[in-house]
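Shared between the two complexes below is chain A, which has chain B as its partner in the first and chain C in the second.
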Partner chain A sequence: MTVRMKPVDVALVGGGLTAAILGKELAEAGQTVVALERGGMRQTVPDFQSPTMHDELKYDVRHAYAQDVSVQTITFRNFVGQQALPMRQLGSFLPGEGVGGGATHWNGQTWRFQPEWFVLKSWAEQRYGRGFLDDDVTIQDWGITYEELEPYYTFFEKVMGISGAPGNIKGQIQVGGNPFEGPRSEPYPNPPMKQSHSGFLFGQAAAQLGYRPFPVPSANVTRHYTNPFGAEIKPCMYCGFCDPFGCEHFAKASPQVCILPFALANKNFEMRTHSYVLRVEWDRQAKVASGVTYVDAQGREVFQPASMVVLCAFAHHNPILMLQSRIGQPYDPETRTGTVGRNYTYQTMTGAEVFYDGEKRINPFMAAGALGTAIDDFNNGSFDHSGLGFIGGGYIAAYQTTGRPIYHHPVPEGTPRWGLGWKQAVRQHYNSTVSLGFHGSSIPHPNNYLGVDPTYTDAFGQPLGMLTYDFPYNDRLMARYITEKMAGIAQAMGGKQMSVGWLDDHYSIVPYQTTHNTGGAIMGTDPKTSVVNRYLQSWDLHNLWVMGSSVFPQNAGYNPTDTVGALAYWAADAMIKQYLKNPGPLVQP
Partner chain B sequence: MAVTVPDHAAAEEHPVQVAQVGRQNALSSPPPRADLPAERGMLFFFNDEEARFVDAAVERLIPSDSEWPGAAWAGVLNFIDRQLAAAYGAGARMYLKGPWVPDAPPQQGYQLRYTPAQLYRIGIAETRAHVTSNYSGREFWDLGAPVMDEVLSSLESGAIELPSLPAPVFFETLLANTIEGFFGDPVYGGNRDMVGWRMVGFPGAYAQFIDLVELYNLPYTRPPISIGDTGARQAYLDGHTHDAQRQ
Partner chain C sequence: MSAQNLLIAALVFMAGASAFSELEAQSGMEEAAAYDIGRADVERGRAVVVGVYAVPPGPDAGPGSPAISPQAGACFQCHGMDGKGDKAAVFPRLTDQTYKYLFDSLQDYASGVRQNAVMTPIAKALNDQQMRDVSAYYAAQKAADYPPVDRVDPQILQHGAALAAVGSATRGVQGCINCHGPDGVGLPPTYPYLAGQYARYLEGQMQAWKTGQRKGDGFGVMENIAKRLTDDEIHAVSQYYAAIRPRTVTPEKAEHQASTAPLPPTPSPSSAR
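This part shows the complex of A and B:
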């Protein structure tokens, strides 16, 4: 029998970054809030402390802080018609589990999206004409503009103590920053990180070629800093154990360091751990969510009634929860109708390596999560796509994030995969190689979507979510074009050898690429093509809201979290200033 | 016999973290003494024959050379044995429900019903059976190095067909675990004397490079530190964290 809890004003599904943001804001607005987190509590002290935190095997290889797929996973296939099979081990992405979510063990590369990304469809049509893209490129406008979101970016960056060099303050291009970024109202709260040897070599070559290198904006905070709530963040020590580790130094901006203490101090807020949410309950007549059902630590099924439900369960988990709760119309790739699960996107990544064959010492272990030098000359709004046949773009960077040798031991192409030749190559190249990465956008395609699997179930007996994804033609063209530019920079870096990893295969669930899953419950202006409105409020149930990168109609050529955080503050504002006063749809369809 | 920690004279003369720039092109501290015998710890999972197979195979994957010992000396057998006896071997954090589609395309990843421990048990038995029937009744570990390499390459490519599992899955698991055992923290039973770390120049668990990161080309020669380093651990237990001052 289902246990029934005392009703609360707000139930948050998940206890990660967006849940921390909403939990604090809504509790302070007088709402009783409970965050239901499937994992346990963890804190800088005692959980993230040295030396035991610096364990590559436990955290990086065996994924101590990531989702336990023995309990719940997804199934995956490349194309409609193929049999989807369960992701039996983590690989391509590593969703977080435990208080703080992915934002506890992230790298902290904190990018704003260029203004064009928010109005991509109308921008592309206006600039390149209506016939420029074919019908399979289902890009959309977000229903919000960069200008509207800018104050929320600025606030989130203050909360997190982001450290960077501004490139555009109120339209004035700034020396040393990213000249291609949208105008910001204020500089970053903290100065940029130091420059690594990798970044120096990359930046020098890029500048010689006429590109404009700058330091990557970082949540590895660069000095003692107090955020607007009074949280004290300390300087990054460049420890080289950033993602997927907790930071022992209180230096990586995370929910635990920056936000949660203030939510937890409020008696209106409760973080209920070991609570696995199965579905959102809703009233078919009244068209409102009535609460959530979860399995508690004892294994009991529990109903938590709530006047408002907010999905904060990360990227693809949010739309999958909606599908499992039968909210909204599921997307059907055959008819191309329905919205929930539509426009799942990811990130298009390629890489290159420059080998100095012992002539330079890179010291790759002198590293930090967002320690990088980048160019943004090939992001979507920075260059002309005329005649190229694709839309999108991304940044190219030399990050020096890790020298941890189980995973980091670059060798040139043609090196044997094992044996003496491999061992000697590892020894020669470990400390003398620079890695470059292209961080590209991801454009939706009608066949890439999230659904519910017909065969496989989770530990609770529910059907698993099902992912259908392959890199669309648009993104392959885009990756080829920009990877060539990256290879040109690599060439100019003066190494003895180089290798380039082209995007020339199907998407695979096996190798780690990035935990930047996006889309599936997208925001927009039309309930026929979006799941939530511009305030992240469900078109179907006005008291249900969706946070996180789930709402991106397409993914930009940047990491998502600055935009995720800004949108959460934007939505919190709409809830508090508009919705709570008069609950109902904030946008009439 | 307990093996002593190798001689670090060069590094210990310079207790500072870093030697002078340009003094020496050494990327790392001196190699340990490979002439010392490999250590065999207590086995929790493998039987003696399985252990002989694994020890011989991992030594081909990461062989010793004139300067640096290989995987056998580094204790990779012990590392894998302990991993298989514990959560990893039991398939913790893996989704193992059926139905199973063992011939799925590689993009869909691991699709066998075996836990890693089962995969090893079956993979070793079937590889040994293949070897005895194709190499005049001999065991894998009695083959010469070039022939062992030939067998391993055929597992890798799938040229050898094992009755119960795709040979490349077994090979890739063995290779990944061997690299983990050679480069993972020595507390897990491999990377003896931090040989993998010394070989490449990785400093291990010690990690604060704020003052060094911009000194490009710096030769960094301080010996590595394990998370099991009792000094570092004790300092932590004594309250010497970054947040609290020692009383």
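This part shows the complex of A and C:
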């Protein structure tokens, strides 16, 4: 029998970054808010303290802060027609579980998207002509512009205490920053990180080749800083245990440090942990969500009535919840109709390594998640795609994220995989290898989507979500072109040997790549091709909202968190200033 | 990005690219030169420790090494030849501290970011080479024994241990262990060794961080932590670290050996007076 809870104004599905943002803002606007988090509570003190936190086996190898796939997972296949199989171990990406979600165990690389990304389709058509791209490249405009989002980027960066070198303030290009970024109204709240030796070697070679290196904007905060709410963030100690760990120093911007204390202190807000949301309940006649059904810590099925429901779960989980709740029209790859699950995108990553064979001392353990030097000369808006046949791009960076013993042992190609030869190679290369990464965009394709699996079910008996994904041709061309550029920089860095990891195979869900899953419940201007409007409000049920990177129509060549945070504040503003005063659709289709 | 912006970016880049590499290279070299343990000499350091001021400076010491007057105190009078310090007089143990930590401390005393009536004039009288030598000498001392543990209220010790292990949620303070290591063994070369350090010294230093008499940890971390803690908490955590004794730790092999050049004869401490 279902337990029925006292109604609340707002039910948030999830207890991560966007739930913390909305929880605080809506509670302060007088709404009663419940956040339903499938995992447990955790705080900097005592949960993130050393030496237990620096347990690489527990947190990195066994994914203590990521989703428990024995309870619920997804099935995966590369293309339509293939048999999808359950992902029984985490690999390619690590959805967070527990309060703070992925923003607790993230690295902290905090990039704004270039303005072009938000109007990608119209920008590409205007610049390169209508026939430039195949019909298969289903890129879209977001329904929002960079200029509209800019104040929210700025605010989110202040909340998180982002540390970086500005490259463009109100159109004025700044020395030392990213000259290709969109104009920002203010500099970063904190100065950039001290650069690593690997970053220096990369930056030196890149500058020689005519590129413009700069320090990566970071949520590993560089000094004592008080955010607009009064939260105090402390300086990073460069210990190299950011992702997938919690930060013991209050130095990595996370919901626990920056936002949640102010939500939890508000009596209107409740964080209800160990609450596994199964579906959104909704009224077919009135076309409004009526609440959510979840399983609580005692295993009881509970119904939480709410006047407003916001999906703040992991990227692919939001559209899967909508599919399981039968909200909206599921996307069908055969007919290419329907919206929920459409335009699932990811990130196109390649890498290169420069081996100095003991000649340089990199000290990879002096590290931080967002400690890196990058160039943005090959992001989408930075270069000319004419004659290249693809759209998109990304940044190239030398990150020094960690020298952890299990994780970090770069060896050249051809090294034995085990035994004495491997050990000798690790010993030789551990301290004198620089890794470069290309962080490429992901363009949607009609065959890449999220659906519901016909065969497999989760621990609650619900069908699993099903992911169909492979790297589209556009992204393979893009990765080839820019990986060549990256290889050129690697060559110029003057190592003894180098290796380049080309994108030359199908997407595999097994090796870790990145947790930048995007799309599936995308925002846009047309209900036929998007799930939510420009305010992240569902076209179908006006009191249902979707947060996070689920709403990206395509993924840019950057890490998504800055945009996720900015969009959450943008949506919160619309809820409080427009929706709560007069509930109903904020955009008429 | 408009064509105009691209042009501006290109112009800025011409200036920016060279600035990038030169600045980075310069700052790196200066820092390395100041620390250069390869130029430190344990035996010359011993001469500084015992107060033999007439020791010929090393070939790279530079001219005009100032002499310290004996009244200002040779290191060993307070810190001992083995770096044991003096518990009663609140002179800290230097045994087991790293070369870098000791050198930084002398630099901080000399520059005034760390203030102490005894150490400030001594540090000001030393040149960089003498600081390197004396730091290398004490960093090499590993054998000083520990005094018996004081009898302290177990509740205070337990309170201190909890602060050391996990910090305090109410004060927003992280555990000491994150940087100072398990059992207070420190995290070489930057974070100092705490196990068995004298409680009154530790408490005094925490108070110095709190009142601003001591600064200079780069990020202001200790200052921030000390300001957040109450006097009782500072007392408890100081008592805790004074009470613990390190487990046996295998020392790391030094990558650079100190100079083995022939040395001037070292007089015994008594002859130096």
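One rule holds for everything that comes next: the second predicted complex is superposed on the first by the 589 of 589 C-alpha atoms of A that agree within 3 Å, B and C clash if a C-alpha of one lies under 4 Å from a C-alpha of the other, contacts with A are read in each partner's own complex, and residues count from 1 in each chain.
In this section, a contact is a pair of C-beta atoms (placed from the backbone, for glycine too) under 8 Å apart; a residue touches a chain by one contact, two chains touch by 3 or more.
None of these values were measured; they are calculated from a predicted model.
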Inset, instruction - Considering only touches as defined above, state whether A:402 meets chain B (first), chain C (second), both or neither. - result: neither
Legend entry - Partner chain(s) touched by A:417 [first = chain B, second = chain C, both, neither]: first
Inset, instruction - State whether A:89 touches chain B only (first), chain C only (second), both chains, or neither. - result: first
Inset, instruction - Determine, under the contact definition given at the top, whether A:367 touches first (chain B), second (chain C), both, or neither. - result: first
Inset, instruction - On the superposed three-chain arrangement, identify whether chain B or chain C touches more chain A residues. - result: B
Inset, instruction - Tell me which partner A:248 touches in the superposition: chain B (first), chain C (second), both or neither. - result: both
Inset, instruction - Mind working out whether A:140 is in touch with chain B, chain C, both or neither, as first, second, both or neither? - result: neither
Legend entry - Touching partner for A:179 - first (chain B), second (chain C), both, neither: second
Inset, instruction - Could you tell me if A:506 is touching chain B, chain C, both of them or neither one (first, second, both, neither)? - result: first
Inset, instruction - Would you sort A:63 into first (chain B), second (chain C), both or neither based on which partner it touches? - result: first
Inset, instruction - Show which residues of chain A both chain B and chain C reach, each in its own complex. - result: 44-45, 49-51, 195, 200, 234-235, 237, 239, 248-250
Legend entry - Complex contacts: residues of chain C adjacent to chain A: 1, 5, 8-9, 12-13, 15-21, 24, 28, 165-169, 172-175, 177-179, 182, 219-221, 224
Legend entry - chain C-facing residues of chain A, complex: 43-46, 49-51, 114, 116, 168, 171, 173-176, 179-180, 195, 200, 203-204, 207-208, 210, 212-213, 223-224, 232, 234-235, 237, 239, 248-250, 381-382
Legend entry - Touching residues on chain A, where the partner in the complex is chain B: 44-45, 49-52, 54-57, 61-63, 68-70, 73, 76-78, 83, 85-91, 194-197, 200, 234-241, 248-250, 358, 360-361, 363, 365-367, 371, 403-406, 409, 417-420, 422-424, 426-427, 430-431, 455-457, 506-510
Legend entry - Residue numbers on chain B that touch chain A, as the complex places them: 25, 27, 60-63, 65, 68, 70, 88, 91-97, 99, 101, 104-111, 149, 152, 156, 175, 178-180, 183-185, 188, 196-197, 199-210, 212-214, 216-220, 225-227, 229, 232-233, 236, 241-243
